[in-house]
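Here the chain labels run A, B and C in written order, and each chain numbers its own residues starting at 1.
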Amino acid sequence: MGQTIITWSVRIVVYVALVWFFIWTITNGYFDYLVNNFEEFSVLLRQHFQLVLISAGLAILTAIPLAILVTRPMFKRFEGIVSTIVNFGYTIPNMAILALMMGVMGIGFKTAVFALFLYSILPIFRNTLAGIQSVNSSLIDAAQGMGFKPYQILFRIELPNAAYSIIAGVRTAVVINIGAAALASLIGGGGLGNWIFTGIRVFDNGILLSGAVPLTILAVITDLILRLIERKIVPRGTRPESS
Amino acid sequence: MNDHQSTFGRVMEYFQNNMDWVIELTIEHIILVGSAIMVAILIGVPLGIYLTTNKKLAGTVLNIAGVIMTIPSIALFGIMVPIFSIINYGIGFVPAFVALVLYSQLPIIRNTYTAIHNVDPQIRDAAKGVGMSTIQRIFKVEIPNTIPVIMAGVRTAVVLNIGIGVIAAFIGAGGLGTLISQGITRGYHEMVISGAIAISILGISADLFLRFLQKLLTPKGVS
Amino acid sequence: MIQYNNVTKVYGDDITAVDQVSLNVNEGEIVVLLGPSGCGKTTLLRMVNGLETITDGDILFNGESIQSLNEIELRRKIGYVIQSNGLFPNMTIEQNVTIVPHLLKWDQNKKNERYEELMSLVGLDAEDYRKRYPHELSGGQQQRIGVIRALAADPPAMLMDEPFGALDPIIRERIQDEFLSIQRELNKTILFVSHDINEAIKMGDKIALMKNGQLMQFDTPSNILQNPANDFVSQFVGQDRTIKSLTIHFVYDLVKTIELKDSLSSSATVKKASLDTSLRDILGFVLESEEQAVAIVNEEQEIIGYLDFELINRYMVSLSSEDDPVRVP
């Protein structure tokens, strides 16, 4: 009983805070800027999507095959080295990668995409690798014994059983990417970050929140949608809660 | 190739000329991240332990922390700034500090919660059986056995915060991000690259240091 | 059907896992590879379908060297069951059972028919389980699925690597019985790895007892029990091997050489048992009953005679060699 009361009080506090925040922003007219500049907003949003989709798409196409490659018997000996490099890469902040790329490639959309791409590779690669490695070796043994060809083992056993982990990696990468793409405006990548940094620079809460709130909503909703997709396409027998 | 070498040379030169400032910024960065982590641990670990006794609340809190994690850092700063400007702390250390504490909560609470949750019930029973009090049990049995997992959560939080701390520089919180933010504004590439390198080194060394600390703090028999 | 000719397996430079093993598995026979862990029995099994390479010697499958055959095709002709059942968690029960037919590109109707046929073979409801996933089944059910999956494409031979090893004793016994009755119908050629002497005696037409990669004795269960080839074999089968051998002898064996008693001294009623009861069960009944005897009945349930301890003892002594007296428990 006491536990339920505490749980509900926490929930109510959070809901009240959220409602208060929106009432406060609206009564202060902070979103007027968004409403008055809706056309610019849609341009920025489209840029943002482009940044995320191109970089995440390229990252998926690079990271998953790479992880598959290093788990094949032929390349197994590179597995350790590659994972170490990737783990190290993970401790480097995304802002640092953006900044480094700018130093090397100059300012612009391409630089932004490339930096975001580099950073998105890490979670996808890491999760694909972990997913494939965690497939029980007895499954592989059974499949081999039943006459699966190597590609059939990969596509029918390893990838489906690693799907949960792989998709979780893609989700992490995309959500991080949405945030990182906002930083890309600093190096001329455009996107919703434009308004946020302008708002900070000119001390205008309206511009700032017109960029920050939609960006937050975009990230949270994308995460939700990807979780739903995850539920749909991960084979039922391999979801973690089921084992 | 020549061009790259000269870029590298210029970056090294920048470091040499501005060593004192870079060190000062590094210390600022460490103080920001360190103080936020301290507070995050003081909130997150007890909360994680408490949540193991209240499953309903655990779900709610972990969900909230999860949603906070998905909020892009720059957006969270963007929301914090107007809110804190109500009490005149809109720009600077305070919003950055609060945001970092919030971001640290998920890894710390989640790892503490799952670790304590997964303590072998037999060990817990044995502790009760030899007549330990709840407090004794938590400090003598449960926490020592869960140190590796809790420390892994802290490490994740620190590495994450070092990166987010960079962005905090844009709202005037100082730290190594200053090199990047000013470098970009002034179109000073060597400054930007120096900042990126300094941050990467800080991130990697923090990770290594915490791995070492994790090993040190883990009791010998616990793996 | 499966013929090992001086097969040797060496790991690295000097670890000999299998040392010059020769043995023959005839069609329709169950041969149990038995031995302590690390004796090379699993390696020996896995060489048949090419999961382990052969260092020296050869294995013939249907008279052809397996090294000359296409590995993938060979594997699809040999069913494979492993201890941890190896069911694919991402596939439904139906998909698991019909995976080899699917790889062989059978049409949907044929796959469907086969699925239903196989499920009824192990007494599981085909519709109930069709869309379920392995983790929703009990260990015993999973293992049954593992067995019928191996049978799906009707392979002439099966390799079974401790298939029932992970099950608890009661379930294991039931599945062993079930499997034996399936085998009586299907007559597959089966190579079966086990570390459990009781399982080997029960399942095997022949037992190949291994130690340190070498074949110690290859014989029928009763010969292994009655006439162990050396100290290792007699140690491995244990002090109670006579008791064990009671499980593979039945009343109908006994009545061939020994006459049942016509009557009992007292007129008390005793427990009845049929001709196909094992002598081990009879001994159990005898020890439990006050009369220390059991009435044997024919198929019409008519009493054809009485069996008591003395007769069982006489029968077992007649089987064993003179230096192995029957040990009373």
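We take it that a residue touches a chain if its C-beta (ideal position, glycine included) is under 8 Å from a C-beta of that chain, and two chains touch if they have at least 3 such contacts.
For clarity, every value in this text was computed on a predicted model and none was experimentally measured.
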item: Per-chain CA centroid nearest to the all-protein CA mean; value: A
item: Pair of chains joined by the greatest number of C-beta pairs in contact; value: A-B
item: From subunit A, the most remote chain by mean C-alpha position; value: C
item: Centroid distance [mean C-alpha coordinates] between subunit C and subunit B, Å; value: 59
item: Distance between the centres, which are taken as Cα means, of subunit C and subunit A, whole angstrom; value: 53
item: For subunit A paired with subunit B, centre-to-centre distance based on mean C-alpha positions, whole Å; value: 19
item: Contact set on subunit A toward subunit C in their complex; value: 136, 138-139, 141-149, 152, 156-157, 160-161, 163, 235-238, 242-243
item: Complex contacts: residues of subunit C adjacent to subunit A; value: 46, 49, 51, 71-76, 78-80, 82-92, 99-100, 103, 133-135, 149-150, 159
item: Interfacial residue positions of subunit A with respect to subunit B in the complex; value: 3-4, 6-7, 10-11, 14, 21, 25, 30, 88, 90-97, 99-100, 102-104, 175, 178-180, 182-183, 186-187, 193, 196-197, 199-200, 205, 208-209, 211-213, 215-216, 219-220, 223
item: Touching residues on subunit B, where the partner in the complex is subunit A; value: 7, 54-57, 60-61, 64, 67, 70-79, 81-83, 85, 159, 162-164, 166-167, 170-171, 177, 180, 183-184, 189-190, 192-193, 195-197, 199-200, 203-204, 206-207
